[in-house]
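My questions all concern the structure below.
Letters A, B, C and D mark the chains in the order given here, with residues in each chain numbered from 1 onward.
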Amino acid sequence: MPGPMTGLIPAPHTPFHADGSLNLDAIALQAELFRECGLDTVFAGGTTGEWSSMTLDERRAVAERWREVGGDTLKVVLHVGANCQADAVALAAHAREIGVAAVSAVAPGYFKPTRIVDLVDFWEPIAAAAAPLPFYIYDFPGMTGVSLPMSQVIREARPRIPNLVGLKFTNSDFVEIQQCIRLDDGAYGVLLGFDECYLVGLALGMTGSVGNTYNYASPIFRRIDAAFAKGDFEAARREQRIAVDMVKVLQEFGFQAASKAVMGMLGVDCGPVRPPVRNLTRAETLSLWEKLSPLDAFPRPLRKPE
Amino acid sequence: MPGPMTGLIPAPHTPFHADGSLNLDAIALQAELFRECGLDTVFAGGTTGEWSSMTLDERRAVAERWREVGGDTLKVVLHVGANCQADAVALAAHAREIGVAAVSAVAPGYFKPTRIVDLVDFWEPIAAAAAPLPFYIYDFPGMTGVSLPMSQVIREARPRIPNLVGLKFTNSDFVEIQQCIRLDDGAYGVLLGFDECYLVGLALGMTGSVGNTYNYASPIFRRIDAAFAKGDFEAARREQRIAVDMVKVLQEFGFQAASKAVMGMLGVDCGPVRPPVRNLTRAETLSLWEKLSPLDAFPRPLRKPE
Amino acid sequence: MPGPMTGLIPAPHTPFHADGSLNLDAIALQAELFRECGLDTVFAGGTTGEWSSMTLDERRAVAERWREVGGDTLKVVLHVGANCQADAVALAAHAREIGVAAVSAVAPGYFKPTRIVDLVDFWEPIAAAAAPLPFYIYDFPGMTGVSLPMSQVIREARPRIPNLVGLKFTNSDFVEIQQCIRLDDGAYGVLLGFDECYLVGLALGMTGSVGNTYNYASPIFRRIDAAFAKGDFEAARREQRIAVDMVKVLQEFGFQAASKAVMGMLGVDCGPVRPPVRNLTRAETLSLWEKLSPLDAFPRPLRKPE
Amino acid sequence: MPGPMTGLIPAPHTPFHADGSLNLDAIALQAELFRECGLDTVFAGGTTGEWSSMTLDERRAVAERWREVGGDTLKVVLHVGANCQADAVALAAHAREIGVAAVSAVAPGYFKPTRIVDLVDFWEPIAAAAAPLPFYIYDFPGMTGVSLPMSQVIREARPRIPNLVGLKFTNSDFVEIQQCIRLDDGAYGVLLGFDECYLVGLALGMTGSVGNTYNYASPIFRRIDAAFAKGDFEAARREQRIAVDMVKVLQEFGFQAASKAVMGMLGVDCGPVRPPVRNLTRAETLSLWEKLSPLDAFPRPLRKPE
């Protein structure tokens, strides 16, 4: 059973007030936007959610609010990873208590496992603390510096993590993703986290996709889905290029902060990013708006920043 | 005009005698196999062709023989790159004289350009020496250590290299390949050189594909083409996985040498690879045969090595 | 004023019980060994101290115990860094309250600053929370993936972090360390963290050295100091080679875990390392002992593990 | 016997005319400058000599001219490496014929050996073709991408390359250099190629140093030698910093081209660098002069460029 994550899944930003403190109220606004876009699952507390810049109490508070706001109509998958295994175990247990749909954990990135068994040793008690909730591996070598072949990691983890159902694969290795997708005849959910290559994921048979841009630009990907379903690759590529263009613009300003700024332009003010990520200046935000607003990407018109 | 390279294009090995000297006679056998497989173009003198391990005289001799053997029915695209620009210019002029279909050159890999303009400065006289033959950029950052965004390189090269028609993209950056494919509404030929991701290239709209494994395993890719044309992605992925399996086996033994050994199993003895690449031992060759022969990949049965 | 860290400074392991829980009692044994070796400062809660594998409460408990055990005769410099700025600020404030000699913080390693100003923005409130305690930058690109030129970072930080007194430089860039040492005529303390190159640090004028191996192998480095002071480079190199040999052996078994095992052989049982770092097996520990015990490196005979 | 290379050894630029063609006449001017500086050995045809941008005929012509100009008073060590083993063998045989003092070869950088034995296999016939001339390994991972532990490479090569006498170590791994220096009680000459860390090499016991900046800035290094001999580390570091400052300026403009421009300022016009390396503009050359001329580094006043 490849787990509860399928299709298009936004990884929501954690909303902060202008002073950097947690703004739990904005979560309802995020959920409203997602429902409006027909999205039914969120991957909360991940990289876009700035998990590594939050205290444990804040992470728990965000999880609880997502759970409340999600109710019965928005599944919440929660990232509980941490460099400190005990912290991750505590978050996993809390996730189980509040009853999310599934949990996920990133590899530890300070002491970086170089052996597959050590990585599974790290995850095993975290997954156990969340059981019987489904557990997803979260592979993001670009952030953690841990680069191990995930199909082999799953093989090692299989007998030791019974609630393992899949992985979020934020990785550009399109050979390895094929190896993960085919494992045990598709027994594991494989969620690509590389929005500019969504079409590649469809071609290779991904289970779904978790991404930052699905927060605010899901219409592009809906159109890619539709074109792909009809076998209209010209149209699919044309749409995919809009995503590429959008991401290139965001990267120019700092992807993480710029994507958070876009939320504000959609009427969902998620506030600033936390250090060490840099926020856009007012002038940069305006320039970002000028470059993005011509794109046919967003579910609502982008409001010009004040 | 996106140039003469389309579809499936093998990058032939350079055949050597057992003592390492050039074995020009085997080129006819290679051509025979390619024709048997319905292949109509070769990319000679590239990485699989061990260009960097050959003298200039040897490279010219190989080019001439391919031209003869190719005749009117097998187009020859010739790699003429070198770290020494004057060497590459000399090879390009020779290629023009013998009348190949197109030439291509890799980036210099000892002094590595870090600015786009410097890379174009390097290629400009090489392409000019080959004119009016079409010129293809050969991007292979894994070998050269030169990693520049090729869509921007093409933009810079456009006005200065009038015979530029496309690029061989041996690179795993599937965002950048999208940028190359869309340039000037598809004006440039984009040939992916990543056989394990052939299906990805099809989905993204590549012009064709140049690869090592097309020497001996083209049937897999013909079947991917057919499945893709019918929109049967299950079948396409199944075939793509055979290619992945095959490449994993080859890599286990050293990709370059193992692929050359496979040619021998098909009755086209291309001899050893040259140093610093290591040849398989007799036992390894046998083990390679045992692992590969069950795969439905090859146009002829694999002969058991003696 | 280059701060309180000079000379040879061990970075102590955090002692755990066999079940992985904190073993605060062993800290007195560590301090006893250090005093026996004539060491007067410790750098606690750093990489060797497995900071990233500990909860905040554990980090505070360790700090307090070191402060108690250190008393007036063993200066405690405390690492308070964390990926979450608020966590680091809280630890810095706690460090000030318990009155350590200085604090230090590593760069955040999940979101990796690529601009100098962003890194200083991250550290500024942490250093402020510790003020008036002296603050040391902790540069360890091999762990954090943050690789910025520290002499320029110090220039940026100078006016914004008034309590900045130096840096712990766990980095192999021996050009950059020269730039740090010369800054403002030696105004900043520069502590090399590269034990196998201790002699290099002496030659270049480091203020001192913070290291893992000074926990258990300080006699080697005392002899290097003595040889260097006499200008006897033959002797200094001979001693340095013992350190290299020792580190090569430790690396063979996993540096972090093996070095902790050595503590046990000296009668200071610090227990296992935490995941994701792997502990030595019993057989490996014996093999480690066999390889290390011939070396003239340790202040006490190495006890054979049971 | 650690070979003929000891002390300070410049790696001369290959002089070209303004049109890029070889300017053999300037070699006498280079030699004159070196003699004036008391230098008695050159390492010709290496990286500074732009070997990879030259044809084989040009490399032979340069070698012959250096041999003539060097006569009995300037030892010529010749780099004969190439990606093509046969080319390197031919150059090695030519070097033997013209009677240079020693030869050296870099690792092949297109096909990059990852096993020590493969690298030694590559070098063995090259060294044999030069025998009985002494042979030096030339390790430059920053250019070749081949990063193998040289002390182990020497161990493997020892029985197979009887004329092996040492290595040119252009590598920042100061642990590995210690391992090379100590091999067989100092049996191998170890020449550091990292001018900004010359003092480090002295402290660790290098046999000598081969570098680009010794072409034009040997006075700095003579002063470091003198200070080191007296045990005056303050003075040695002060001088070393001049070298660091100089190299930082050169790097700002492109190290290879800027260093060639400095030769012209010393009255030894070596002309432009070849593509893909970029030459300085007139304005940049002037700016380079302005930044370098205040430094107490050069054996002659730097002439202001026209």
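Note that in this section a residue touches a chain if its C-beta (ideal position, glycine included) is under 8 Å from a C-beta of that chain, and two chains touch if they have at least 3 such contacts.
All figures in this text were calculated on a predicted structure; none of them were measured in a lab.
Participant: What's the rotation angle, in degrees and to the nearest 5, for a C-alpha fit of subunit B onto subunit C?
Facilitator: 180
Participant: How many angstrom lie between the CA centroids of subunit A and subunit D, rounded to a whole number?
Facilitator: Roughly 51 Å, centre to centre.
Participant: Taking each chain's centre as the mean position of its Cα atoms, how many Å separate subunit A from subunit C?
Facilitator: 36
Participant: Any chance you could list the residues of subunit B touching two or more other chains?
Facilitator: none
Participant: If each chain is a dot and touching chains are joined, what shape do you get: line, ring, star, complete or other?
Facilitator: ring
Participant: According to the definition of touch, which chains form touching pairs?
Facilitator: Every pair of chains meeting the touch criterion: A-B, A-C, B-D, C-D.
Participant: In their shared complex, at which residues does subunit A touch subunit C?
Facilitator: Residues 47, 50, 52-55, 83-87, 107-113, 115, 117-119, 121-122, 143-145, 256, 274-278.
Participant: Which part of subunit C faces subunit D closely enough to touch in the complex?
Facilitator: 172-175, 178-179, 181-182, 196-197, 199-200, 202-205, 231, 233-234, 236-237, 240-241, 244, 247
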